[in-house]
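You will see two complexes here that share subunit A, one where it goes with subunit B and one where it goes with subunit C.
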Partner chain A sequence: MWSWFWFILGALYFILPLYATLEFSLQMKRDQISLLAYQKAFEDPQFIKTFTYSNVLALATILAGIVLFVPTAYWIRLRLPEARRLTEFITFLPFVVPAIILVFGLIRIYSTPVKIPFTDIELFQPLTTTHFGTNVLIVAGYMVLAMPYMYRSVDIGMRTVDVRTLTEAAQSLGANWFTIITRVILPNIRASLLSGALLTFAIVVGEVTLASFLGVNAFGPYLFLLGQHLAYQPAALSFVTFLLTWMAMGLIQLFTGGQGQAAGAH
Partner chain B sequence: MAYLTLSNISKQFADTYAVQDFSLDIDKGEFVSFLGPSGCGKTTTLRMVAGFEIPTSGKITLDGADITNKAPNQRHVGMVFQSYALFPNMTVSQNIGFGLRVRKASEAEIKERVKEMVSLVNLEKHADKYPFQLSGGQQQRVSLARALAIRPNVLLLDEPLSALDAKIRVSLRAEIRSIQKRLGITAIFVTHDQEEALSISDRIVVMYDGNVEQVGTPFDIYNFPRTPFVANFVGSLNTAAAEVIDPEKGLLNMDGVQLVSAAKMDGLRKGDKVRIAIRPERFSFASDGKKANVLDCQIENITFLGSVVRVHILIGKTKFTMDTFNYPSLALPQIGDKNQVTCSKEAVLILGEAAS
Partner chain C sequence: MTQATLSAPKKVAPASLDWKKWLGVIPFFLFAILFLILPSIRLFVGSFTNNQGRFTIDNILQLFEQKSILDAYWLSIRISAVTAIGGGILGFLLAYAVTVGGLPTPVRSALITFSGVASNFAGVPLAFAFVATLGRTGIITGILKNVFHINIYQAGFNLYSFVGLCLTYMYFQFPLMVLIMAPALDGLKREWREAAENLGATTVQYWTQVAMPILLPSILGAMILLFGNAFGAYATAYALTGGTLPIVTIQIGAQIRGDVLHNPGLGYAMAMGMVFIMAISLAGYSWLQRISERWLR
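Here is the complex of A and B:
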């Protein structure tokens, strides 16, 4: 009885604002329910441009995250278990260090030529001065923001399969490190990887601070600016973003819900 | 020349030696078991052969080639793990074919070999199943087939039966031995279960605290233990303190009871204290025929163990156990009865000097 009460209360907490946003977004035409706000929002070429750009950034962040975090978590679990506490501490840092600190740090370091410490030898030109460099910076920044979710998802995935024994079994059968990671480890943490990837996607698509300060034309700042000038379209886009996030969470449930990691990997 | 040679290998973790100065020659096609309690270094030794641990010192050669520092994936050694270690994302066939795929064998060859291995371990009906759909015994058979599919130089089995229930364990160990004999493959089997080691090995290496205690055939290990540890660890054993009366004739005095032993007493003199050992099954009731030693005893307790009946007896002031086969016409004495037991002089082992 009480469990239902708390469930309904919790559901209302999430659903009511969403419903209010939906209702408001449908009232662009006076005294009439319509999808005009959605039509207007989708017709804006800036929407397609920023949304596509943010999706590409999310994809790049996910791929870079997999390349960085999977081997790291794997190696720590396999050979450096004593480093786990330190790694866990580091992965929690983005929760306590605000994104604004991160972006100012990135701008401060990468807006001047990057040199080898204690020398005048330049490694590369300022990243903030080129479009490509800025993209690299923002993806790196997003990787940091998504690290708590991505790294921990991967780590939990590896905890559920016996990484060490599977590695040794593969090695005894002649497999090299690349084969082990791509054909044994990755497929067996697929569900966890997907969780991490979808959470990363949700974070990156709606992110405002990094994108604004690095001056990139992403979906987060676009939505923010839209909200300052218009009333109905931002509500419509917020609702769409909500739906996308919920869809992502639904997909996580679909791939991981009620199944063990091993079963989920099939 | 031996096929696999471990020469003076040691493995040190921090300040502790897991294995010390271990030397062993294994012939091609031989089935050798490493037997010992937890922490005796048996698995570490096996892992050094597999390449998962590099010896701190010593040398491992396989078919004449030095493999001491070779990577595990280049040793061509098959391994079966206690936890099966099957790849959860692959079917039985895919698991078995993995090693061949890694070696870039042709699809036709992989298909052929997988079929052969699946049939070898009697899993034809389960070839397309995933590991989680199989029982423990079936998973371990897949693991065995997977290790054998690459036709390894040596098959390493790290307590492969420990996670299985008793009946499956017995049938699977017979299956492992039969397959090993059929393929003529060299195998090292790690176990802490003496019955397992005694039943399937050509030779047993008994280990304790990182050292080799004794190497020998199951018959030798059981009947002629060379150290107190082997005597105690392998099989049940009665031990007691005794005093040498006549080393030439093998006469001993155990708390006022005279015994004769066939054990060599080189270096022992009259009056020396020794520790003697007699296996429970070497005793029999004197009424069934007398042997070299006939000893008065009192029946203290009787325990039925299925095929065996264990009789607890008191000889002088020393408690012993005696095992006798359980058959319907067996006439057992009553608890508290006075009786006589007998054993041959070969049954009385001398384990070493007793602590004074």
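Here is the complex of A and C:
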């Protein structure tokens, strides 16, 4: 039957590159199947450093995203439906401004002191010249890249859960705003938050464009550099990356039950 | 007797208090302005600035005049179009197989999960995976050489070329198509097929006169999205070809690292050209989505 034919074709296209990577990564010891490549890859102190750093960046992006997007989505849903179109338009913008363009603009603006236009008053120093500034810049950049997925996820979650009724109920029981957000709203949009967080994680850990142009010591540039002069370890780490992505997506499926999500650095 | 009303957050506020409503969204807008809109404006303004800092439309004109730039855009467009159409067709057939084609549910779940994974698995790891598959010492290359006695590299194939990049891009393109088309195909109601058969339609007639017209906006919209997706890709191309294939994103990358064009304004203009193409593709996708929703709610 044709359906099976197409499915098998698709499955082959999916699986072959992964299998090839796996097989290649197991061949480090001549004529033997061994995990030597994995061992060497994980032992490299640079791997630990960059991988940890990328994870920290991902965590920072997720937290900052939650802190920024959840109250905003909540406020718009409850008090300011007029802002809805504008906000949706803004969350669409990152599709039109891919990572390479974003980093281009970010570098051009933040590598010189930011002034109030038409004056000489400096607002802040160049962000790209300090570690802290660069970290701020890259987390902000990642938030922009993750915004379409994270904001939408949260927004849809709020729509499904009917935050208006929840808020009224909580208020009638005497809760203040902080309690409402942390103990009523957040728990109810758990699935959306998790799905947005996992997607952000998948985007940030493998991200190369922003990290390499901003000079950040992240996992993406490290992997690229590794591939320039080593053979087996990059294959091993690529396979590990695939497993991580699979885990993240699998968890998302688990929490949202159904539609896959597409995102990611290209 | 009046009932006590719950204090609903949304009160009818007197006009003078209107502006306070907007306070809550200030952080978000500030963030968007600082890190998305301002950089974009900087690029936009820069593309109209010449080396002396004055206004000019020369940079934009140069986009259409300088051969290397036109070639870069044309190459990017070709790669994006090929992978959009190829990925679109394969993705559609796969989505069809697990929806209308009636493959069992576990098969469908597996496909959706894997599509989610594959459409995110791009960039450096994907490039390495394809090198391990189709590179000079790749598995498929080896199988073709040792089992079928076809040496693809001798025949002129090269992974680090247009064809190779297309094959690599397809890896995240067709899963994206699957993810978009599966819900759309679900929307094809069985009643329509039954009604058509009732009126004597053959399978071919059903597909050409009922199903395809309904599905076409979805399919086209998804392909346009795929086009934009490929057009904006940087990491995969750079990791695979090392910057030797002069697509627009790689040119812009080179321009960021050092002013290879000897004209910053031109670099900004190239970036703007790219944003323009992405904007058109996104607008096209949005419009086609709206049309398709008429039938496929």
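Methods note: the second predicted complex is superposed on the first by the 241 of 266 C-alpha atoms of A that agree within 3 Å, B and C clash if a C-alpha of one lies under 4 Å from a C-alpha of the other, contacts with A are read in each partner's own complex, and residues count from 1 in each chain.
By definition in this document, a residue touches a chain if its C-beta (ideal position, glycine included) is under 8 Å from a C-beta of that chain, and two chains touch if they have at least 3 such contacts.
Predicted, not measured: the structure shown is a model, and the values here were computed from it.
By the touch criterion defined above, A:N188 reaches subunit B but does not reach subunit C.
In the overlay built on the shared chain, the residue A:M143 is in contact with subunit C alone; subunit B does not reach it.
Of the two partner chains placed by superposition, only subunit B is touched by A:G174; subunit C is not. Contact with neither subunit B nor subunit C is seen for A:L230 once the two complexes are overlaid on the shared chain.
With both complexes superposed, C is the one of subunit B and subunit C in contact with more subunit A residues. When the two structures are aligned on the shared chain, A:F213 is found in touch with subunit C, with no touch to subunit B. When the shared chain is aligned, no partner comes close enough to touch A:L59: not subunit B, not subunit C. When both complexes are overlaid on chain A, the residue A:I156 reaches neither subunit B nor subunit C.
When the two complexes are overlaid on their common chain A, residue A:L35 makes contact with neither subunit B nor subunit C. Residues 168, 171-172, 260-263, 265-266 of subunit A are contacted both by subunit B in one complex and by subunit C in the other. Residues 1-4, 6-7, 9-11, 13-14, 16-21, 23-24, 68-69, 71-72, 75-76, 78-80, 83, 87, 90, 92-109, 140-141, 143-144, 164, 167-168, 171-172, 199, 202-203, 206-209, 213, 220, 223-224, 227, 234-235, 237-238, 241-242, 245-246, 248-250, 252-253, 258-266 of subunit A are the ones touching subunit C in the complex.
Contacts from subunit A toward subunit B in the complex involve residues 161-162, 165-166, 168-176, 179, 183-184, 187-188, 190, 260-263, 265-266. Those residues of subunit B that touch subunit A in the shared complex are 50-52, 71-79, 81, 83, 85-89, 98-99, 102-103, 130-132, 143, 146-147, 150, 156.
Residue ranges on subunit C touching subunit A, taken from their complex, read 6-10, 21-22, 24-25, 27-29, 31-32, 34-40, 42-43, 46, 90, 93-94, 96-98, 101-103, 107, 111-130, 132-133, 138-140, 170-172, 174-176, 178-179, 183, 228-230, 232-236, 238-239, 249, 252-253, 255-257, 267, 271, 274-275, 278-279, 282.
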